[in-house]
Amino acid sequence: MPTSVDYSGYFQQMLGGVSITVQMLLWSFVISLAIGTVFGILRTGASGVVQIPLTIYISIMTGVPSLLILFIIYYGGSGVLTALLGYDRSFDVSPFSSGVAAIAMVNAAYVCDLVHGAIRNLPKGQFEACTVLGLPRFHAWRLILLPQVFRLALPGLVNIWIIILKETSLVSLVGLSDLVTVAKTAGGATSEPFVFLIVASFFYIAMSTLTVPLANRLERRLNRGQTPVGA
Amino acid sequence: MRDISTPQTIDVSLRDVVKHYGPFQALKGVSLEVAKGETIVICGPSGSGKSTLIRCINQLETHDSGDIVVRGITVDGTPANTRDVRIEVGMVFQQFNLFPHITVLQNCTLALRLLNKGTKRLNEEKAMYYLERVRIAEQAHKYPAQLSGGQQQRVAIARALCMEPPVMLFDEPTSALDPEMINEVLQVMEDLARGGMTMICVTHEMGFARRVADRCVFMADGEIHEIAPAEAFFDAPESPRLRGFLDRILPSTAHS
Amino acid sequence: MRDISTPQTIDVSLRDVVKHYGPFQALKGVSLEVAKGETIVICGPSGSGKSTLIRCINQLETHDSGDIVVRGITVDGTPANTRDVRIEVGMVFQQFNLFPHITVLQNCTLALRLLNKGTKRLNEEKAMYYLERVRIAEQAHKYPAQLSGGQQQRVAIARALCMEPPVMLFDEPTSALDPEMINEVLQVMEDLARGGMTMICVTHEMGFARRVADRCVFMADGEIHEIAPAEAFFDAPESPRLRGFLDRILPSTAHS
Amino acid sequence: MHFDLSLAIASLPALFHGLMMTICLSIFVLLLGIVFSVPMALARMSKRRSLAWPALVFVIFFRGTPVLVLLYILYFGIAQFAWVRESFFWPLFADPFGCAVIGLALNHVAYMTDVVRGSLLSVPRGIAEASLALGIPERKVFLWVRLPLALRYGIRAYQNEVVGFIKGTAIVSVVTINDLTAVANGIFQETYDPLTPMITAAVMYWIVVNLVRLGFAGLDRWLNRHHAPEPASRTRTRKAAVA
Amino acid sequence: ETLRLGNEGTNPPFSIMSGDGTLSGLEPDLAREVCKRIGADCKLVVMDFRALVPSLLEGKFDLLVGNMTPSEKRREKLDFTRPVLSNPVSFVVPKDSDWTLTPEGLRGKNVTVGLQRGDMNAAYLKTLFGDSVKYRDYDNPDQTILDLTAGRINMLFMPKLTAAVKLIDTPKGSDWKFAGEPYYSGQEDLPADQRGNAWPVRKGDTALLDRVNGALNAMLADCTYTKIREKYISTPLLPEDAACAAKK
């Protein structure tokens, strides 16, 4: 029978796992948000030269399991990178970076769809007002259009945040010591997998449940001033 | 009102402007000259091309043929040229199109800031000056949604004025407003007109047209059917189309 | 119109009906008797409890206290009792509420089928009979979304009639309709009223009320303020509230 | 590193075998999803706390936990307890296929509960009221009016869930099932060529997912045939007379 | 000079990722000693077992310090050092069974064998037994043993030392026993004392191979190997090791 000392050691390791999971979550989310937003803006433009590769990209990313994309990037990634960029055998496709890359690439496609939809729902007059005032395009997007786009896309983005949180667990299958890996190893070593796995699952549930009030706060902030006060 | 027969600087001139939407011809060769300081009111039935016409002036729509000259600049559709034209021309929309997520004051200073005009303080002073002029300075720190429709439209006017454009375009600025709020906007527009601003307004507010328009323009089916000083326009319309139009429209503008 | 002073069968009777929504009292003790074959029009300002009142009759809302008797059945809120009452009472809503996914004919036969009444053929014949009666039989195989608003409302009436209820309730059946379509629905309702159906209608169609209502009821703030035959109701309203109400409402109902 | 076409072709039979496993598993779970999500959604919407709360906890737990963790818990976690191994449902858990089906189904049903609930809630209240007013008993109103309409409102969300779910099955190799991803992985292990088998598998997933999407598009068209053009209804929500 | 070494991390006593995150076990300790002797600065990286060889082939590692059987197929792509340890594969069966370990003997006995996905032995066993038994593929030995004790499978085919450490020598191993001859899945024509598991480098990297071999030979000769081995495993793993142990 394992002693409680063993347990506390493993639980401490699980904290390390949590930190890896959270780092993955943040990186993946930020990168998918950045790429997805750029793609979403490009998708709104008319140029077919951009549309076709974008459509293909989105179709692949939304049609193939994330796990497979992770495997392809992790196991095949450095080969592909070497072939593409002509460097010599020295790309380090670590589990962390390939995990972030895979999750971000997949979710960028979903963010792109969201942002694209939100842009289309933005009143046309907002674009025209920017044009008429002669605002430079980049700043018009940055200061006027995107803030409104994100407000519209917020519920969808919260959803993607939670999906990414759960998808980070996939990196345990390429050997990154995230929360799930630690729980699995600890479970194997102590022959008591149940405890560790349940603790891990509670972490995920707590994280996604906590997201909701935080998202509501954010929404209130973004909506600041945009609902009439008094009648 | 000015005597428009004496030679004057021409601020906006259109010659044979044609515009298609796909196969549909929205403007069928429109010509119009607007002198500096003149106030022009355009009216006509829905779909007659009024919006299209004024949107061609600041190139929100590109025209297919004909010449548009704005304050000496011949519009040619290149980006630099378009930018130059838009600096000369301010525009106010039917739907206000204020930026909902920033305050009234920021709405007014944003373009100045991004175009690197003046310091923050100078810009804010200028914005406050124009907000004052539309009588809404005390609302400067509210968000647009916290204002009534009429107040919002006045902010939109102030926002356009901040760029100090010599020419202003108005596209039905009062038709999204509740009756009580129409007058406060018309009042502001009247002040502007009397202040010597060159203005082209699409509007059905006949009271406004009578009081301040130098000339009224009647459009139908993409063409200008009649141009006349306000009195002649309303009291002795020449074309039968305009007569029919006025008959239908006049009773419903009782409030102005 | 009948002389309502002679003793008659009472189809619907309400006594001291009270209904709360949470702390808010929507009906403050309403009493009303509706004789067989009588047509009652209820009107009153928004929020006065008109909808609540008629929805209590067929128990779409349960009342808190007071008695509701429908064709001899005292409403007690039990499922079996509620079902019995609802079979006696047909209802037509402002928003039509047709089943969008089945054809007009199936809309009419669905309830018959689910209540195991008659064979398929008999039910369809009956449905066609009532569709004929609302003059829409040729649309029987279309889907609701393919019909105009007025046609949809007539289907809703036919659907209710298929259950052959002795009593019909109408909750503002024309107020979601475009002006052109209102008359075709009013016409059908008039036919029904003249055909001897017991009807309770919430409506602001004063022309309809004048032509067919036996009595008009004015509600405000959850209470009945006035009950009177149509002429007296419109031409000599007693309560000041009703007078104020009629002043506001009459000019805008010119179309009926 | 490049795509080895001859290896891809040679791997096809094995990959098809894996694909069959993926499809079997999906069909099983999707059926369970249909059967269980409606009662779950009803429980979740129930006014009775004793029904609503357990349903809510179910949804929160099984939606919040990553499928991978769920499968580990079901396969390795609860097998640790002797009383589970001695109970009568052990045969179900002893079998990896059974475990995978249960694990995926719990997650899928949790998502579906919200899909069904959302669709039911989006059925206009007036339509259910109209049925009640016609004297149709509540149970039949639910079965013949609300459910068929909810199906139409929810079909988009259901499609997304099905596609997401099928992609999610790629995880089942962790409980020793040789699905498409596992087979591709096995070929990679034998040949040390990751790209060829995995890209081939990716293409197969892509085809399946898009067939599903096509199928749903057809179903959607069929279900919404009543929105066929002809004169569109012009209704106005604004009140006619009284302002 | 920096060398990047790959290791599994989840295979005690050969490779253990301990509670505080440090890597210990026979393989890392041997590897560190080798590095010291060849004067290289080594970076030990832990990675999923399945990813080790592809990563080596793609140049993410210079050497894998996980014990691997040098089979024909692996030799096509990799070069191997001298044997680092001998850990032949063995069957684990229920204590009370009397199975003959042939396809005929097992057919109808309802046997399910647990294997490690991507393992050389797995492929071998499948050709040996065909469809007379059922197979189940696991990601790591821990899961295999968890499932054996849970009763989902009833036979293992895994390295004997691993099975001993993780199962047979532990309290829960009382229901199980080893069976059959130890099996070597490497080159079959090797004499018994040269068989064993070795460390792979990329094909053609003979310079590194020679240096590592030199270090390993020296460590065996001066009994450093034995000292390290005794920290983790009580029985000798190689003939030279046995000789050192006997000297004491």
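Which chain is which? They are A, B, C, D and E, in the order written, and residues in each are numbered from 1.
To be clear about the criterion, a residue touches a chain if its C-beta (ideal position, glycine included) is under 8 Å from a C-beta of that chain, and two chains touch if they have at least 3 such contacts.
Not measured: the values here are computed from a predicted model.
Asker: Shortest hop count from chain C to chain E along touching chains?
Answerer: The fewest touching-chain steps linking chain C to chain E number 2.
Asker: Out of curiosity, which chains are bumping into both chain B and chain C?
Answerer: none
Asker: Please identify which chain has its centre, taken as the mean of its CA atoms, farthest from the centre of chain C.
Answerer: E
Asker: Going by C-alpha centroids, which chain is farthest from chain D? Tell me that one.
Answerer: With centres defined by C-alpha atoms, farthest from chain D sits B.
Asker: Counting only Cα atoms for the centres, state how far chain C is from chain D in Å.
Answerer: Taking the mean C-alpha position of each chain, the two centres sit 44 Å apart.
Asker: Just how far, in Å, is the C-alpha centre of chain D from the one of chain A?
Answerer: So the centre of chain A lies 22 Å away from the centre of chain D.
Asker: Calculate how many whole Å lie between the centre of chain B and the centre of chain D, each centre taken as the average of the chain's C-alpha atoms.
Answerer: 55
Asker: Please report how many Å separate the Cα centroid of chain A from that of chain E, as a whole number.
Answerer: 38
Asker: Using the touch definition from the top, which residues of chain B touch two or more other chains?
Answerer: Counting only residues that touch two or more other chains, chain B contributes none.
Asker: Find every residue in chain A that makes contact with two or more other chains and list them.
Answerer: 75, 79, 82, 173, 184, 187, 191, 193
Asker: At least two other chains touched by the same residue of chain E: list those residues.
Answerer: 54, 58, 139, 143, 146
Asker: Considering every pair of chains, which are in touch?
Answerer: Result of the pairwise touch check is A-B, A-D, A-E, C-D, D-E.
Asker: Per the contact definition, I'd like the list of chain D residues that touch chain E in the complex.
Answerer: Contact set of chain D toward chain E: 1, 76, 79-80, 85, 94-96, 173-174, 176, 178, 182, 185-186, 188-190, 192, 194.
Asker: Name, in rising order, each residue of chain B that touches chain A in their complex.
Answerer: Counting only chain B, the residues touching chain A are 58, 60, 83, 86-87, 90-91, 93, 95-103, 110-111, 114-115, 142-146, 159-160, 163.
Asker: Note which residues of chain A are touching chain D in the complex, please.
Answerer: On the chain A side, the touching residues are 59-60, 62-69, 71-72, 75-76, 79-80, 82-83, 166-167, 169-170, 172-173, 180, 183-184, 187, 191-194, 197-198, 200-201, 204-205, 208-209.
Asker: Which positions of chain A touch chain E when the two form their complex?
Answerer: The touching residues are 6, 9-10, 12-13, 16, 74-75, 78-79, 82, 88-93, 95, 173-175, 177, 184-185, 187-189, 191, 193.
Asker: Using the touch rule from the top, collect the residues of chain D that touch chain A in their complex.
Answerer: These residues of chain D touch chain A: 1-2, 60-61, 63-70, 72-73, 76-78, 80-81, 163, 167-171, 174, 181, 184-185, 188, 194-195, 198-199, 201-202, 205-206, 209-210.
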